[in-house]
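Before anything else, here's the structure in question.
Chain nomenclature is as follows: A, B, C, D and E, assigned in order of appearance, with residue numbering initiated at 1 for each chain independently.
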Amino acid sequence: MGLADRPLRLLQKRAGIGGMAAFFLAPNMLIFGVFVLLPIIINLIYSMTGGSALFLSERSFVGTDQYAKLFDCKSYLDPMSCQEDAFWTAVGNTFWFVVLQVTLLILFSLITALILNRELMARSFWRAVFFFPVLLSPVVVGLIWKWILQRQGLLNFALYPMGFEPYTWLSDRTFAFAAAVGVSIWAHMGFYTLILLAGLQAIPKDLYEAAEMDGTKPARIFWRITLPLLMPNLLVVVVLALIRAVQVFDEVFVLTGGGPGTSTLFLTQYIYETGFVSQPRNAGLAAAASILMGLVLVVLTLVQLGIGRKNENKGKR
Amino acid sequence: GDVRIMWYSDGIEGEVFQDLVNRFMKENPGINVIVDNVAYSVIKEQLPVQLEAGNGPDIARVTAIKDLAKHWLDLRPLVADAKYWDENFGANADWMRPDGSNQISGFMTQLTLTGGFANKTLFEQANVPLPGPKATWDEWAAAAKKVAQSQQIPYPMAMDRSGHRITGPAISNGANYIGKDGKPAPLDAGAKGFLGKFVDWSKDGTMSKDVWVSAAGQSYRAAADDFINGQVAFYYAGSWQVPNFAKKIGTNFDWVATGSPCGPAACTGLPGGAALVAVKYTKNAKEVAKVMDYLARKDIVKEFSERTLFLPAHKGVIAEGVNFKTDSALVKEALNTFVNATKTTSDLANKMPGWRWSDTMYGAVVTRTAQAVAGEMSKEDAFTRIDSDVAEKVKASSL
Amino acid sequence: MSAAIRFLTRRKGGKGWHWTDIVTWVWLIGGLFIMFGPAVWLAFSSFKTPQGLAEFPPSILPYVTQQVKVEGYEKPLMLYNAKMPDGSTRVLAEVRRIGIVSQMVDPKAPGEVIKVNIGDRQPVREVFFATENYTQPFMQFDFFRYLWNSVFVTVTATLITLIVNSMAAFALSKYEFKGRNLAMLTILATLMVPLSVILVPLYSIISTVGLFNSLWGVILPTVATPTGVFILRQYMLTIPDELIDAARMDKASEWQIYWRIIVPLTAPALAVLAIFSVVWRWNDFLWPLIVLSRRELYTLQVGLSIYAGELNVQWHYILAMTVVTMIPVVVVFIFLQRFITTGIAGSGLK
Amino acid sequence: MGSITLTNIQKSYGAVHVLHDINLAINEGEFIVFVGPSGCGKSTLLRVIAGLEKVTGGELSINGERVNDVSAADRGLAMVFQSYALYPHMTVRQNLAFGLENAGMPKAEITQRIGEAARMLEIEQYMDRRPGQLSGGQRQRVAIGRAIVRRPTAFLLDEPLSNLDAELRVSTRAEIAALHARLRSTMIYVTHDQVEAMTLANRIVVMRAGRIEQVGTPLDLYNQPANRFVAGFIGAPHMNFIEGALESSNGTHMLRTAQGDVLHLPQSVAPGAPITVGLRPQHISLSNDQSGFAAQVQLVEALGSETVIHASAFGTKLLAIVPGQRRISTGDTIYLSYANAPLHLFDQSGLRIATVQTEDGHSPTFV
Amino acid sequence: MGSITLTNIQKSYGAVHVLHDINLAINEGEFIVFVGPSGCGKSTLLRVIAGLEKVTGGELSINGERVNDVSAADRGLAMVFQSYALYPHMTVRQNLAFGLENAGMPKAEITQRIGEAARMLEIEQYMDRRPGQLSGGQRQRVAIGRAIVRRPTAFLLDEPLSNLDAELRVSTRAEIAALHARLRSTMIYVTHDQVEAMTLANRIVVMRAGRIEQVGTPLDLYNQPANRFVAGFIGAPHMNFIEGALESSNGTHMLRTAQGDVLHLPQSVAPGAPITVGLRPQHISLSNDQSGFAAQVQLVEALGSETVIHASAFGTKLLAIVPGQRRISTGDTIYLSYANAPLHLFDQSGLRIATVQTEDGHSPTFV
């Protein structure tokens, strides 16, 4: 990298410091533009086409028909009154899932990160323990928990000696929903914990010392020192957790498949089935649903960043 | 040159196939056949995308053979003996070619047929005789309930969560999905009759409800594990489960294949299977044909079936009889039951695999029936929704 | 030893157990069971036979029924604990079963055939590790080629991700320029659409630029991950700007500021991203599946997916291969997580 | 190389105006010291010169060239930050080498220069430690070292010795003076230490609330402060100020305070105006006899070599510094004299009118 | 409340031994100042007392109770950090209020205490700024304020005035003294400023390389330093040291340096031993006639109120401080005298033998 310096110095002479910002941004933005942004734009176009052909060139333009179809409801309060009742069921399920999962996920990750940030014996072992599920592919995650929770699973086996009859947990609407929330927390907690852990390490130690000298109780240190200074990283966690919760799919799909009935049918599964599984495929409708989902997320994220920006300035020394 | 085959496996067939391919390469040193083993999801979801883009392998083992028919290569001018193909594979040739053509696209590597399995040991322990070959669904239900009650098992009967599975009994009950114009017809009394009965059975505990509620939409779910663990007296699945049961049940209990129970209209199961087809976009059609010719050879088909415990689709081979390579009497008997059951398959059932809208029907049926089973909607609502879902699909696809 | 105990029981402050100490240990022990328990079970399960996997009630350890060779019988026979009519139990070998009656012999005195009702016999079981779950796939597929492909994809993609993302994050956190917020927002906005949704458009781009059936086709679309930019940028916001000032005074070029100051100070976040990237790329499945249709290009995940058929999934192989493929990432994790704490003691400022 | 010209420099942070219209020409090789009360804008001005802050108005040139838009890295200056700003992830050695490596200097020379600086700053034993493992003074020395090794056209030093002990401060101060003599590079130095300012500076710039109050040589500022602020700021402890009105009677001139006390002055000063007389504590002496004026002792600070007496007289607090150690206690009445002391006269707006020298205790004459 | 006892305190960072066997008893209400060269362990000792560092040996008690295992938060002390350690996300007001809120103090009292501290430290206009928007000195004042508002049993202040200007430093120093007088809480204060040490301390603790060299009242240390190190460290600029051997001839006693120069001494001191004579720069005066000894001027530093002369004599460098401004230049030969000066005699190992007072330039007598 030392070699890179000479030409880059010349570049800097020409481009100035502002130009260097562009230089730093360029590689990422280039790859990003081609492989992330462009497909999303194409997807937007998809949402305005119809038919069962896969490639855009063979599809007919239908304007906002697909959106109209999604919004074709007699009453927006009752999903069953909608043309695409599954979409609205999924919207409702996803909403509750996000509320529950994000709250608990962040709570648990934060607690875990705080604990792993303490002076512990065998700290890397404990970190590995909590990070472990992240290493598993979603399919395996779904599978493990299915094997635990299904009628012939480990849970019933464990409860059996205590006099409980085997229960089909995953056929219970409430429990299945809770399991979907729980398993997705289980699977992703390590991810957020790690981000928060790095953030905690970045808080200067002398501030904790000052707080201790100020006679601060641990709980107050947490609320008044740790949390505000963790804000930039906490923001990452909140935004990512939210986005991923809205997009929940793989592990829950393996675990409950959206059941029992449609009680754990989430948006991504709806999109996936509409666009890929059902015959004939309806890629246009799926694209429209995904665009709507994206729009909601953009709004939510903007709100969070708005809140975050305030704190960001606070964080500066 | 290279000939690439995209192949998926449910069991050991990949190894057997590779074996046969190796032998081919020894005989034909100029042709390099590469078998790309893939997950079934690749065949189902990615292959169509590749094909639309004009990519794809030279040969593929596929199940959505009708939907993708426009991508298959016509082997008729390329194979050594087209007549041999027509004679032996003619019965299923229509499933894999564009409507109205006489194209030879490939052949079925495996024929499947839906059908029932009974846990013989449970029946014996309950002292309930196994219903005979002509027994109806109701008779099976009654017998299975008795067994379940006496043996304290949770489910008398179970059926895979699949539109394909439930359609066989529906046809036996007089259902016909295919309208006069070849497009889907609204559900008729026969269909509503069996679907309704199925919902009722699920609700009153005759049928295992768990499999059907264990997913939303059209996901496939098998109830095989319950059967393997002796939790079900009668299980409606299909011929492909035979090797699976052989391996996993072992000597835990005795089981038999029962064929499909009867309804007023028929005693039919639903056929299906996987086909090996050549892809139009190949660069070495000649060599592809040579490979296909080899794989379709009677002795090769026979060996493949015998070793994989699959039902063959080759007329000559069936006629000659297959000596399945297994030392389990149960398996042999079960396979023979399925071979025999092919004879009672109704015409309507035989048409389904070659009908363009069958998957659309299956999807709507399974989605909505499952919702009715889960108690999310009434039977009547489910029927209405099935009709409207299908109509909507038909409309949307013609845009 | 006493040092170890002191270390183990080291607590905040030092005197007595603070409530946070109790919470900590409850949480850790609970975590050990809930987070790690299933994984241990998974590891044991990967040694079960297909039959063992389907069995209810499930066992923790892999068991099979014990078999013995009995004189006069060609094949080994299964051993059972059979309840005798007099209430005693004997270990017998089953010869065959007819209906609900099992014909058994005493392995030591195989002459006499004893008839037992099948409800009265329990199999004698022993722990058995079905290592063929591991050996079989190794023989069937080209493990080392898949491994190489996986390693190549993972290492390359991770390196590019780290460099490209950290450069972008640097620009987005430490420079003021027009369109900075827009760039950040665009990057974030693209997180909103899951990969599975844009598969088809992405596929058409990949095949247009000729990356179909190329490992680069797997690598490139993933390296500009918005997640990475976001994580790094937020972390960089916590680095004091004064250090950059100092470097500028030290005549450092912007590139050197990035490379010599920002990158080392971002080490904890980079380690986190590196861990994530390795895990993501190593476990990537859906996308490689689409781009790679030739077996010489398969990654491990794609390779092991062939056990997922239409009607049957061969879980025993999938589990075994899952365990095998997990080992490298665990090692990488253990190695990289140390960098999370190389956190800098003090910020270098007064 | 190293002349710096500031023309109408302004700097605001949002609504907070930190620098107002700064005009200053610094000559090549000059040693300039900025002093002023905490928060008056010294660091900000230094950062502006460094190129780390964009000015909101005015023009900055180095060697005659406008550099407003030249980046900090390209101005060729070196800086010691008030907050040190050491690279926390680098060892002391790496911290020192960084700037040299950036300039592409050969390894051998880097090693040699670092060695020299380390010896001079007495940090040789800490070369492989990270900043986090150093004491405050050690960190500050590293920060100085980082600038020194660079040998730039101009040095910017922001309170570089504040955390050093007296001994080290003296020796480092001497080293900096020697460095300046040797390299002849321009130095701009911020300090709160009077001794540093007086001994190092060619010229001192006194700032106050974002404005320059006076620029001049140390003794100029000491002897002829332009205004009351500068007079109070230069010299420690600060100058005593006695307020009153001028009176003349019988050829003697005096200042009459509000309390009616009288202070004798030379003749020349125009009578009638209310003025302030400044008298440095060092210029007040203890009378052994009862000559001089009486004062009430409020606090005595014994510094060993000298004694600081806080007393009250002329209706105000008065500081006097007398050499050696004295047996005086709080509450004592003592007699002080200002014979031979320069008196600084300021008008009502604080501007200097004149500096006059008293000859003996009661009859001052002109200087 | 507020007595602190250190018994055999030791502290190492790995292999680096920072504190060796520190023994010190601090009385309730005492004002203790730690001085010592940069890096000698002052901050570390303060941190040990605060409870921020675990000792590696020894015992620490506060008010007679062993507190080795009591957490910092529970020791009831307040600290001003050398690095400030202000909470960057809080405004000045919040920084000040934080500790009080922790103690659950009523709002009104918090407001009042903060108001007081802010007034005293002159930071009222910055109350709603964050630390990042303050100058160095302003930050330091906030750090002091944060400790002051707490009114703890004991204060630990680590170079609390280093970034303040002279004026403010004097007034803040006075405020701290007043605070101490009012609250009577123990104060432990680290400083490099001689004036601060001399004026504030009840007792000064002189440290060197992790050990205590001497503990005593300011004037004790100044007048009777226990060893050469303390003698050199207390008093600025540092004491002059002249080495040589004692000789007696004809009833006069003298020190003969290696160069053969001769320094007259009182009779009492035992002859023959090589010793060092210490002479403070303030005790050397300029002879107007050619009496005294001749010295070569090497550097002249004009501080305004006094002039520092760097000269060479007796084969060594000699510093002399003379009041006022003098017309002396480098290279001049001047005559210096040490009449009436205390001479400090140290033996070869640096320990103090005696302090003797010269009567006139050449004939010293006993004190």
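In this section, contacts are C-beta pairs under 8 Å (C-beta built on N, C-alpha and C of every residue); 3 or more make two chains touch, one makes a residue touch a chain.
This one's a predicted model, so the numbers in the text were calculated from it and none came from an experiment.
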{"item": "Closest chain to global C-alpha mean, per-chain Cα centroids", "value": "A"}
{"item": "By number of C-beta contact pairs, the top two chains", "value": "A-C"}
{"item": "Between chain E and chain C, distance of the C-alpha-averaged centres to the nearest whole Å", "value": "61"}
{"item": "Chain centre separation in whole Å, for chain D relative to chain C (CA means)", "value": "65"}
{"item": "Whole-Å gap separating chain D and chain E, where each centre is the average of the chain's CA atoms", "value": "21"}
{"item": "Separation of mean Cα positions, chain E and chain B [Å, integer]", "value": "94"}
{"item": "Of all residues in chain B, the ones touching two or more other chains", "value": "49, 53, 225, 229, 231"}
{"item": "Where chain C touches two or more other chains, by residue", "value": "12, 56, 199-200, 204, 240, 242, 253, 256, 345-347, 349-350"}
{"item": "Interface hub residues of chain D, defined as touching at least two other chains", "value": "71, 82-83, 133, 136"}
{"item": "Complex interface listing, chain A residues touching chain E", "value": "204, 206-207, 209-217, 220, 224-225, 228-229, 231, 311, 314-317"}
{"item": "Interfacial residue positions of chain C with respect to chain D in the complex", "value": "240, 242-243, 245-253, 256, 260-261, 264-265, 267, 344-350"}
{"item": "Touching residues (chain side chain A, partner chain B) in the complex", "value": "50-55, 60, 62, 80, 83, 85-86, 151-152, 166, 168, 170-171, 253, 256-265, 269-270, 273, 276-280, 282, 285"}
{"item": "Complex interface listing, chain E residues touching chain A", "value": "50-52, 71-74, 76-79, 81, 83, 85-90, 98-99, 102-103, 130-132, 146, 150"}
{"item": "Residues on chain D engaged by chain E in the complex (per definition of touch)", "value": "13, 16, 35-39, 41-44, 82-83, 133-138, 140-141, 158-159, 162-170, 192-195, 198-199, 218-219, 222-223, 232-238, 280, 282-283, 301-306, 308, 321, 323-325"}
